[in-house]
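By letter and in written order, the chains are A, B, C, D, E and F; residue numbering begins at 1 in each of them.
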Amino acid sequence: MSTIGPEDPRTLPRFAGSATFGRLPRRDQVDHCDVAILGVPFDSGATFRTGTRFGPIGVRAGSRLLRGYNLAQDVMPFADQQVADAGDVGCNPFDIAEALEQIRGAAEEQLAKSEHLLAIGGDHTITLPLLRAVTKKFGPVGLVHFDAHLDTWDTYFGVATTHGTTFRRASEEGLLDRSRLVHIGIRGPLFTKQDMVDDAGFGFETLTSTDVAGTPPFAIAERVKRRVGDAPVFVSVDIDVLDPAFAPGTGTPEPGGLSTRELLALLRGLKGINIVAADHVEVSPPFDHAEITAIAAASVVYELVSLMAARHSP
Amino acid sequence: MSTIGPEDPRTLPRFAGSATFGRLPRRDQVDHCDVAILGVPFDSGATFRTGTRFGPIGVRAGSRLLRGYNLAQDVMPFADQQVADAGDVGCNPFDIAEALEQIRGAAEEQLAKSEHLLAIGGDHTITLPLLRAVTKKFGPVGLVHFDAHLDTWDTYFGVATTHGTTFRRASEEGLLDRSRLVHIGIRGPLFTKQDMVDDAGFGFETLTSTDVAGTPPFAIAERVKRRVGDAPVFVSVDIDVLDPAFAPGTGTPEPGGLSTRELLALLRGLKGINIVAADHVEVSPPFDHAEITAIAAASVVYELVSLMAARHSP
Amino acid sequence: MSTIGPEDPRTLPRFAGSATFGRLPRRDQVDHCDVAILGVPFDSGATFRTGTRFGPIGVRAGSRLLRGYNLAQDVMPFADQQVADAGDVGCNPFDIAEALEQIRGAAEEQLAKSEHLLAIGGDHTITLPLLRAVTKKFGPVGLVHFDAHLDTWDTYFGVATTHGTTFRRASEEGLLDRSRLVHIGIRGPLFTKQDMVDDAGFGFETLTSTDVAGTPPFAIAERVKRRVGDAPVFVSVDIDVLDPAFAPGTGTPEPGGLSTRELLALLRGLKGINIVAADHVEVSPPFDHAEITAIAAASVVYELVSLMAARHSP
Amino acid sequence: MSTIGPEDPRTLPRFAGSATFGRLPRRDQVDHCDVAILGVPFDSGATFRTGTRFGPIGVRAGSRLLRGYNLAQDVMPFADQQVADAGDVGCNPFDIAEALEQIRGAAEEQLAKSEHLLAIGGDHTITLPLLRAVTKKFGPVGLVHFDAHLDTWDTYFGVATTHGTTFRRASEEGLLDRSRLVHIGIRGPLFTKQDMVDDAGFGFETLTSTDVAGTPPFAIAERVKRRVGDAPVFVSVDIDVLDPAFAPGTGTPEPGGLSTRELLALLRGLKGINIVAADHVEVSPPFDHAEITAIAAASVVYELVSLMAARHSP
Amino acid sequence: MSTIGPEDPRTLPRFAGSATFGRLPRRDQVDHCDVAILGVPFDSGATFRTGTRFGPIGVRAGSRLLRGYNLAQDVMPFADQQVADAGDVGCNPFDIAEALEQIRGAAEEQLAKSEHLLAIGGDHTITLPLLRAVTKKFGPVGLVHFDAHLDTWDTYFGVATTHGTTFRRASEEGLLDRSRLVHIGIRGPLFTKQDMVDDAGFGFETLTSTDVAGTPPFAIAERVKRRVGDAPVFVSVDIDVLDPAFAPGTGTPEPGGLSTRELLALLRGLKGINIVAADHVEVSPPFDHAEITAIAAASVVYELVSLMAARHSP
Amino acid sequence: MSTIGPEDPRTLPRFAGSATFGRLPRRDQVDHCDVAILGVPFDSGATFRTGTRFGPIGVRAGSRLLRGYNLAQDVMPFADQQVADAGDVGCNPFDIAEALEQIRGAAEEQLAKSEHLLAIGGDHTITLPLLRAVTKKFGPVGLVHFDAHLDTWDTYFGVATTHGTTFRRASEEGLLDRSRLVHIGIRGPLFTKQDMVDDAGFGFETLTSTDVAGTPPFAIAERVKRRVGDAPVFVSVDIDVLDPAFAPGTGTPEPGGLSTRELLALLRGLKGINIVAADHVEVSPPFDHAEITAIAAASVVYELVSLMAARHSP
């Protein structure tokens, strides 16, 4: 089956042309679609800096340099499968509950027409409606969660659905397979010692940023793969898993994080897992410089798409 | 009556010391207070860029250079009256309705203890609860509104209380004296021609940015003073009344605006009006450069405080 | 005749959705088109800073806030006529001669399908091939040229087609009607006194930035309108006509320029001229801050489109 | 003993509220104080870029995200002990000698009222008067010095007390216990080979940035702990120990430095040393981006406070 | 007499080549010199932001675009007279008194070899030693002082020679001709009403920024020319005379200032005065954006050099 | 033999003085020269972001902090040999072919007068003419190439000499010794799998960024040294070998790169190779922040000069 790939940079320079992710076709330009990339411009669940509403625009801008062959994973992610940009969800910035429904609806719509969904946020609140849509299709999923923060807190200002409470809600709703959950990159101060206890109670295994520093990436990846097994997995990457030096453009930066090279190595190490959907969240372009956060984010999305392609390859 | 003024820059440099507005005392450090300055860190009503939640911090930072004698108005705004910094309202960033109540409550509390209130936003949504509190004390007020935008639109995403709908709501609630309302600095494209008709229907007189360009400031000011008369007036300054060159750090920048010099001249020209409360909104530090927006904003607040002082002066 | 306008911001926020100019339809989404907006991402003719290759992306980003009703011109530029975004010309960044041919070809193609062309550069070199295409359709044109620089120099490094030599070449090729040419905003040091003599020899009348400062905009506009008359006119706006405070994101900034408000007033004052095509050049996003240059540029394009609409209005 | 901790972010968001370090109480709000945090806004001893006079403001701003439980050290640094913000020293920016006396005086005053002192600079010149005050209370101290530079040069422009000469002066004055001194992170070119000889002559052991790169953090920390033993230690962290990627906001950046994760790991590894006072210097906000330097600095201060708390814990 | 001018941009692009002011020859490359441009990288007299120590580097960088013919003044400032770059004074950043002597010495040395001196600061403290040198050659001088601030305060922290006290000291030392002094651009709050009284007592006439706004530049210039007459005049331009929008890169920004166009017009209007020396101070590159402050400053220096050339022209 | 070194920072501060690399003498100030540093301000071969035309200015600015003794290599690179700054090549920005000839000519001229050449770009296109000049003197050379990209692509837009095709051209022209070529730092997506095959066909050994991550620097360096042996070697460092966190100021940033510390360690590990010439390319100051890229680049040049010095040392 032939696919439509990115615009050709040898005739239309990368500083021009389509503003879709990777200069790929729009969803309405292809009949069949293996991976739908969906922008979710929502940041009303953020507790500190906002600006991730500009994340989808930013990550797309950062994706202009992507080329076709992923040497590290040895796949052609935009040729071995059809990838397309499904545009942005129009969601209400003033009403979290309504927005979550709009996001869920849009995600379901895409999953009905495409095999995989890859969402670009937006803040981490969006993962809850994405999981609601994904589990409707695939049942409860395992989760590989790259983040500086646990995101299993309970409420802020009495509100239950914010970017810091997503996985507690997801767990309570039965969206997650508790035996196949892992956080990677956790660091920074917590509210209390109880946070870790609660979090473990939801079934999470935690690999801190310090753990990553002291262990070869393939070993970390093997551990994660053992944890999540072969059943459907959702991968959620919060860009603040990276150190602020690598990702200044984010909302709740936490010093002491991973390097981009480490994160890419960990993702590549996951080759073979059954990744059914994924998201990439918390890129806040107003705080970025020279698009370094956006470019790092685009490379993460590229690895995620490549992981999906790896399942299609012979 | 003796007052407590700013920290002395000859012994504690301006790059150090208190982070209160103008390095003034905190509200809890003075018994009597003529003007309470209240931070309202709320930006969940914004339709484009956010970041004005950092506005109170930013404007206070920009106020470090303020000195005691206002040459243009010939008053000592921090000596002729007691001014103090009342800190920030803790308001819910996830629930507009609750936040508006929290803001109203905090404003009422300050107005019960101080003669005048000067709020620093935050986005323009905050003016609605401020007007609710102010009119409770003073009755319906006249309004001098500096802004690029009318802010009399109806709803966004079906939501009635956003930063673009404040004055329609205020009018509907009877908070404004329809015979004493004026917009200054309006410009930029509107949704439809009907916008101006609706707006005039609420009683607003409009002086566009072009009007300001072609008329001496004192003449504009005289026209405004005739409009608002001697009864209680609320002055609301949206920093986007300035051209983006003068105020890049804002959420919905509109080219073709006023210069800071023009705005200051207009404010000084209002000397003598019965300004009972005021706010200054829409400063978004993440988009600022070298604090130029914050410093311009602080100078606007300084003129507003001076207008209040002018009523106290002999 | 019904037209397709921008995406509705009340359901799809302005920080999301289409990356076309003004969130308008793409050229391939409309059958009939009155004004085709064409990106020309070319900066290989620049003598100092480059970066205007990112100009089309940047100006489109800056156009997200545009609304439908132009109060100052009293037209609905996106409703009274069909405007669409024709995407970018793929032109060779390594070979000026070939690129100019590609630009000319693309412009001719658009002009064959649409009544008006509005190009977004790119550096000022692009105006030469645009004029070649425009005059092929309309014959020699009058020119209203907003710029800090004359752009009638002869060569740099022996090269005849750069961003500083465009109008000398255009004049030599007979593309311009020598009786209907005007520069507005000229300032800054020249190479020699002879520059002005040469320039006048090509038929240009010059209104310096100082002239603009001392004269009401309508009077300047009247003078320009008298100069260009009723025959076809090309309007070329180099963003460096603005002072660097208003447009830091440009390649050869020149202090002492116009304010954005002045430029917009001059453009509005041209209402009624027979503008057949236009361009907007020299926006260099890498040197911009908080998109203030891009937003100013988008507002200029908006006025140009409105001038075209004014001819369509009853 | 109950302590007063930071403001509660669940009712007063982190983007609002107190501008004290970590949103902790001011020194005048608590009777007892274990750790006094003192701002020292002085940068007149800097040889290249200045701007560290804004360091105390900047680091406090960067501390807004700190939470209460230090997972890595397993302490509650703001609950296990009373920490308070003692404000800024008013010191003369025009006269180094007078400023050093003012700093020494302020430090002594704090040490008379609090057990530990943690100063936030300012440039590295400030460590000399701090050491004078600290040794008056505790006698000559061991020193753990994180820095790219030795800071044991002799004079600049004939001046003996600058940010590059602090530890030579401290050694000459007998403030340091020569058997318990260590530099960590040294790199970059020196003036001459003799610099290292002189430095060793003062008793310093040097662990270069390269040494850190090739050794696990715990092993480095063990080596430092053996060196400094159980007697009173002063820890001085110059933010330029980090690579400029992690700390662009500093005055004499030196490529090839530590990552923030490495620095935090080294600090945590020091748990158990008898840290009596500390400082954190050379953060220059004008050169920072998105507060990444300030946030890294705040996390360093947090670890230092945690080290002090660890001595209080059971 | 033939002169050596700037490097030719048609063979050596402006983004390359010499880093001297205007790409002019160094002082050691010419025998005769009419105007010596001297960098004075000193900012230890600043009360708020520093960074003007990088001013000479910055303004030279901003001067790369200058061309040879000044249309407004109708002179060739780099051809009608010999202008050369004398490099930087090496002055002690840690000792104000010694630095002032070094600056005075360097200025005297240049004035002994060249007719005119044009110094680029540095903060405004440097004007005092410059005036000492200039008056040694020319006797007490008239002064045209462009600034937001009076700079006639008495002391800060008990120190008499700072950037805010220069002209009080100069007056006390008899360096100024009290009948020929004028401030232009004054604005912003003062310490007390007495400031203006004291200032007038030194002989200053004051034209505020508001005065400039309401009067045509030629009229202001005429008034200044009448004031200073035909005797030797020193022109001192503090870049903060401009509004922060035009000059963000400065140490004590004051909203409501002049536009660059106004400042250039005022300077051009002074054509014919007997300007014997000049300085340009307070450019702080760390706070600049896209070099807009530096470029404005370079254009001011260009006008000052042109004023000197105008005396040489036939 | 005595040499002339940098200006003395103890009398002329580093924020002042000469704008030459390392504040070294100009080439015309010394008779004998071991290493000539040549600026090559050319970026017309770039495929994405430009701005490297400002690279020579930027890297020189970043070199102000360099001191004389290289501790890691134990040499005095500016004293053990004569190093001088040869200024910039004036090359045509509008005509790649002519520019390459101008660069080759300038390089040959320097190599005729100096033993070694060290060029500062500019984009990577410049390495082709440099190699043409170098091999004319030394014959075909080995190559140590630090880069994220292979730069052995064939053409862009039909053009054979761009920054992505340099080493294919060099190989075809016989400038490279195919048995002694190595790429270090390669990463990111390629066009197709064939790219690696082609590249190996030119004789390159490739050490990816991932290889560097998993191997001690000395082991990598040993491997490189074995590869290049004792014959003449050219070292070409593209700053994008660093991760964008360390080098945001570049044209085609690629996430997952080396740290500066790793790069410096690799360079130091090459001590002893027969480096006859070198270049450092792709620094784009418009995208830099706080000069961190420029400073990293200057430190790389310093190590390269030190490698050259090591051959001179006893």
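Keep in mind that, in the parts below, a residue touches a chain if its C-beta (ideal position, glycine included) is under 8 Å from a C-beta of that chain, and two chains touch if they have at least 3 such contacts.
Remember, it's a predicted structure, so these values are computed and weren't measured experimentally.
Same or different: do the copies chain A and chain D touch each other through matching residue numbers, with over half of them shared?
different
Work out the mean Cα position per chain and let me know which chain is farthest from chain A.
Farthest by centroid: E.
Taking each chain's centre as the mean of its C-alpha atoms, which one ends up farthest from the centre of chain B?
Ranked by distance of C-alpha centres from chain B, the top chain is F.
Roughly how many whole angstrom separate the Cα centroids of chain B and chain C?
37
How many Å are there between the centre of chain E and the centre of chain F, using C-alpha atoms for each centre?
40
Can you list the residues of chain A that touch 2 or more other chains?
Counting only residues that touch two or more other chains, chain A contributes 11, 13, 15, 47, 49, 53-54, 93, 156-157, 243, 245, 259, 287, 289.
When you check every pair of chains, which ones turn out to touch?
Every pair of chains in contact is listed here: A-B, A-C, A-D, A-F, B-C, B-D, B-E, C-E, C-F, D-E, D-F, E-F.
For the complex, give me every residue of chain C touching chain F.
43-47, 49-51, 53-54, 92-96, 98, 156-159, 162, 286-287
Any idea which chain E residues touch chain F in the complex?
Those in contact with chain F are residues 11-13, 15-19, 39, 41, 53-54, 56-57, 60-61, 87-90, 93.
Along chain C, where are the residues that touch chain E in the complex?
Residues 47-49, 155-157, 187-193, 195-196, 208-210, 213-214, 243-245, 248-249, 252-257, 259, 287-289 of chain C touch chain E in their complex.
Can you check the complex and tell me which residues of chain D touch chain A?
Those residues of chain D that touch chain A are 9-11, 13-15, 64-72, 74, 76, 216, 243, 245-246, 259-261, 264-265, 289-292, 295-296, 299, 302.
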